[in-house]
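Structures are listed in the sections that come next.
Next, two complexes with chain A in common: one pairs it with chain B, the other with chain C.
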Partner chain A sequence: MTAAVRSQAMFFQARAARQARDSGLQKTLEKARPLFVGKRAKGLAGLADDGLDFAGLRAACEAIRRRVVDDLDVWLELFEARATAGGAEVLWARDGDEVARLVVDIAQRHGVTKAVKSKSMLSEEARLNEALAAAGIRPVETDLGEYIVQLAGEAPSHIIAPAVHKTLAEVEALFAQHHERPVQARTAADIPALAAEARAVLRQHFLSAEMGISGANFLIAESGSAALVTNEGNGRMVTTLPRVHVVVTGIEKIVPTLDDFATLMRLLPRSATGQGISNYVSLLTGTRGADEREGPEKTVFILVDNGRAALAGSDFAAMLRCIRCGACMNHCPVYFSLGGHAYGWVYPGPMGSVLTPLFTGIENALDLPHASTGCNQCGSVCPVNIPLPALMHRLREMQHERGLRPWRERLALRAWAWLAARPGLYRWATRRAARYLRWLTDESGRIRVLGLAPEWTAGRDLAPPPGRTFHELYAARKRA
Partner chain B sequence: MSAREEILQRVRAGLGKRDAAARRAAAEACLSDPARGPQPRMASDLVARFADKARSLASSVEQVGDMAAVPAAVARYLTAQGLPPQAVATGDVAGLDWAGAGLEVAARVAVDADRTGISGCFCAIAETGTLMLLSGPRTPASVSLLPETHIAVVPVGRLVATMEDAFALLRAERGALPRAVNFISGPSRTGDIEQTIVLGAHGPCRVHLILCGETS
Partner chain C sequence: MRLALYVTCLVDLMRPAVGLAALRLLEEAGCEVVVPAAQTCCGQPAWSAGNRDLARDLAQKAIAELEGCDYVVIPSGSCADQIRNVYPQLLADDPAWAARAQAVAARSHELTAFLADVLALDAVPGAFAGSVTYHDSCKGLRGLGVKAQPRELLARVRGLTLAEMRDCEECCGFGGAFAVRFGDISTAIVDRKCEAIAAAGADAVVGGDLGCLLNIEGRLRRRGDTRTRVLHVAEVLAGAEPA
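So, the complex of A and B:
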């Protein structure tokens, strides 16, 4: 683990408990959840009008991403060659620290004092804003949600809706403080005024910054381009107005052809926000021409590993297909009980529960693979068919194999294995347990306090078993 | 070892594959013969589809008979919106008789003070109601980005069905991609404050599309 990765994921239980008690947060999440779920459902339903369906598109998207992940070395070299031929410089970074060093170095060589940023989760992995500020370069987040969390000194809590945890009143207080004006009473009707206020402030930053930093939704091998998908237009500003443009992106983001990109674009916005297409989709190749009066004079693509290369060919290679749409967290009951900050690192929700242990060390995020109900809502909505619950399950197995589970859990599992290998004893013990649970059931027909594990029933009741074991019921049925 | 070599070696070690030359040849073959994914089945009237989708994305749409009718249509729109009769335009539409319609139109890159930007387009996509603009010396991207109002002229002969068709047209007419290909689908928007959609985030607040030419 590099110093750039300062994960709080090992404190998941404490953070989760705090988030679950935050009533403001709970209200915000409650409001957001049906919107996210409903918009995606509506967006996908619209496909039928054109004779398309989710299953068919998903199979196509999965195949495109598999093709790249299966021969990633080859695609990286092809992309690099074409991007360079198009006029961009291609750099490589092993980890977040190296990303930060490269970006600061480019900024210093070009006399940059301010960098405007379009949303990049990888720059969060690299803690790029801190590194820029330490070098005397002001980083300004320009996605409205990212701008809000930057003013609050927080991290994004969602990969496509970074400020989903913030209430209107909190945004108003932040804007009043940072835009140096008095706090006003605000209702939902004032949200356009707040957006306009941010537009005016950020417009001046777009016009004066010497450097633009963006991520890339995809890298297109055919044309050597970075593809940026945004709704606000900040991605276009950041890549059009400043003299220097730096793209910071993961090595897994390649798609082979423009036609493959078109296929993915039928599912990416629909999976994320339900939109048939996002407002702005930009393909950026090289630098401004000799006779052009705008556009960056210098374009640099930084291809970042930071834990990705190790997934190639591994049990977790499917995770490299991820296109960062956010659908898995938008459909996750755990995410919506806790909010994104509980997860403690850059990526929340099911994809974060897989990526955080893989990128920051399995031993540093022990709870995350367990932060799942196993319901597979995430797997069923994933546009590239990543089996997220199976990957979390594999991480749990690895924790066990490496002896990373608590001794009581290991002892209990060993005791169960011993018992399960002795059928007579097993039947006797399960008969006793079934009777015991029946006896615990109160007059309401529920188990309110589980004797041996009271924390299990601290926040919920347990439905009682029928009082007889499966073996007994099966035998009775066979006789009947 | 350089970061590049180290990363590529890690990937190769993980994949555990040999025959690099054959794999590279297969990838290059895939690039030279791009295959399409599942294609939408749409009604053949691309103009109606384009206008329909564009309106659903909060653009306004009107249709005029030919290019000569465009300046008067723009003048009417600006008056109706209470906007001043000035605009910045891209070179591909700057040659129209704007003065004849009482408009003052300059062909240059846009600046912050510009209220209205007028552009043509490389083509437009009926499936999603999307404009495709290419950056270039005569077609600076800022014209469709900085002003609050963006007016785009869309010749009906430049309508294609899908993004794949747009890329096919680009390959046929231009070969390589310009510095920026911008697909624009309506005014800019944000939902970042309590998931409430607001039009006019950083890009234009209004997009007006003037379809130009007879529907055949």
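So, the complex of A and C:
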């Protein structure tokens, strides 16, 4: 684990318990959830207007992503050749620390004092903002949600809606404090005014920053381009106004052709926000030409491994197909009971519960693969058909194989399985258990405290069994 | 037609009436039902915990008990998913067991899927004066495609009306060991289910998996709802135990 990682995922249990009981957070998330779920459903229904359907497109998107993951090196070499031919520089980073080093180095060589950023989860992996600030370069997040969490000194809690956990009142308080104005009473009708306020502040940063840092939703191998899918227009400012543009993205973001990109675009915005297409789709290729008036003088691609290459060819290769739409977390009952911060590292929700242990060490995120009811709401909405519950299950197996599960759990499981393999003894034990549970029942006919599983009765009663097992009753019936 | 009823460990211990109701439904439909005497648990808890060895042992035990029959019927989407979908992959690399696992998997059915799809049952004995709302359990729904079958069968219950709740396909937060390991999260999830049930205003919430039902019932009661009945679909379809 590199210093850049610094995961808090081992504290999931404690954070989760706190967040699950935070009724303010619950309310905020509960407002967002139906929007995400409803908009996606509507967006997918709209596919029928074009004579398309989710199942068919999903199979096509999965096939494209599989093709890339199967021959990652081939496509990356092609991308490097085409991007270089277009005038960009291509650099490679093994891990987050190397990303931070490369970006700081580029900034220093170009005399950068301020860098504007559009959304990049990879820059969170690299803790890039910290590294820039430490080098005396001011990073300014320009995606509205990212801007809000940056002002709050927090990390994004969702990969496409970084400030989904924030209330209107919290945003108002942050803006008042940082924009040095008095706090005002705000309603939902004031949201455009708040956005305009942020826009005015950010405009000055766009015009004065010497460097723009962006992620990339996709890298297109045949053209050497970065594709940027955004809604606020900040991505265009970041990538065209400053002298230097640095793209920081994962090596798995590659797609072979522009046609492939078009196919993936059918599902990416629909899966994320329900939009048929996002407000802005930018294809950024090379640097400003001699006869062009806009664009950076210098474009650098930093293509990052940080644990990705090791997944190719492994049990977890499917995870490299991920296109970061957020649909899995938007449909996850666990995510929406906690918010993203409980997960402890960059990526929350089901995809995070797979990626965090893989990128930061299985032993450092023991709870995450278990923090799932196995409902498969995530897998069923994934636009590239990643079997997320199966991947979480494989991580559970690896924990078991490496002896990482607590001894109490291992012992309990072994004792139970030993008993379940011996029907005579098992019948005797279940008869005893049925009577014991009957005996625990209080005068209202319920079990309110269960010593063997206090976690169950902390939040729930237990409907008591009638006192005789099915097999007893069945035997009695057969005798009768 | 000879079929094995796999009652599941939870039904055996916590609500035997579900097993008896399933038995009655199948017998009244004209099936010869055997209840393999040595059955205990399908092994899903071990599988979910990541312990492949223990899960494999219990899978082999269940397969040996169940393979003599034309069909295996299970009043649980979750255990049926384990037998149909997990057993074949769990034993895929074992030449002695792979084919046996596949054969049992292919003959195993969740109860309502068996009644509706295999038997094409057009009448059920149950009667219910009131409205019910149906909770789709995750493994049955997303693992086995059980969605229309319980509703078709419930529509044949005399006096019963179906009042769908919002988000009926949403997980109830049970998840086996999850409910105990992450009690607070589980409670937050089942609270949303309880609210959806309350909003549907039905007399009973009905489902096909006892684990989910114990979770929902436990939370409803703790929240103070003593009115809404919580019933397994087999109990509703079979009606009251004949005196």
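Observations
In the analysis below, the second predicted complex is superposed on the first by the 429 of 480 C-alpha atoms of A that agree within 3 Å, B and C clash if a C-alpha of one lies under 4 Å from a C-alpha of the other, contacts with A are read in each partner's own complex, and residues count from 1 in each chain.
Definition applied: a residue touches a chain if its C-beta (ideal position, glycine included) is under 8 Å from a C-beta of that chain, and two chains touch if they have at least 3 such contacts.
Quick caveat: nothing in here was measured; it's all calculated off a predicted structure.
Touch criterion met: A:A312 reaches chain B, while chain C stays clear of it. Put simply, more of the residues of chain A are touched by B, taking chain B and chain C as the two choices.
Once the two complexes are overlaid on the shared chain, A:R438 sits clear of chain B and of chain C alike. In the superposed model, A:R138 lies in contact with neither chain B nor chain C. Of the two partner chains placed by the overlay, only chain B lies in contact with A:L284; chain C stays clear of it.
In the superposed model, A:R94 makes contact with chain B only, not with chain C.
After overlaying the two complexes on the shared chain, residue contacts for A:H110 are found with neither chain B nor chain C. Once the two complexes are laid over each other on the shared chain, residue contacts for A:D70 go to chain B alone; chain C is not touched. Of the two partner chains placed by superposition, only chain C is touched by A:H471; chain B is not. For chain A in complex with chain C, the residues that touch the partner chain are 13, 16-17, 20-21, 26, 30, 333-334, 337-338, 370-377, 379-380, 393, 395-401, 405, 409, 413-414, 416-417, 419-421, 423, 426, 430, 433-434, 437, 446, 453, 455-463, 465-466, 468-474, 477. Residues 28, 31-32, 35, 50-52, 56-57, 60-61, 64, 67, 70-78, 86-87, 91-94, 98, 142-145, 148, 161-164, 166-168, 171, 188, 191-192, 194-196, 199, 202-203, 206-207, 221-223, 225, 231-234, 236-237, 239-241, 251, 256-260, 262-263, 265-266, 273, 276-289, 291-295, 303, 305, 309-314, 317 of chain A touch chain B in their complex. The touching residues of chain C, when paired with chain A in their complex, are 7, 9, 11-17, 19-20, 23, 35, 37-41, 43, 45-52, 54, 57-58, 61, 138-139, 142-143, 169-171, 173-190, 192, 214-215, 217-219, 221-222, 230. The residues of chain B lying in touch with chain A in their complex are 2-4, 6-8, 10-12, 14-17, 20, 23-24, 26-28, 30-31, 34-38, 40-42, 53, 57, 108-109, 112, 127-128, 130, 135-137, 140-142, 145, 162-164, 167, 176-196, 198, 200-204.
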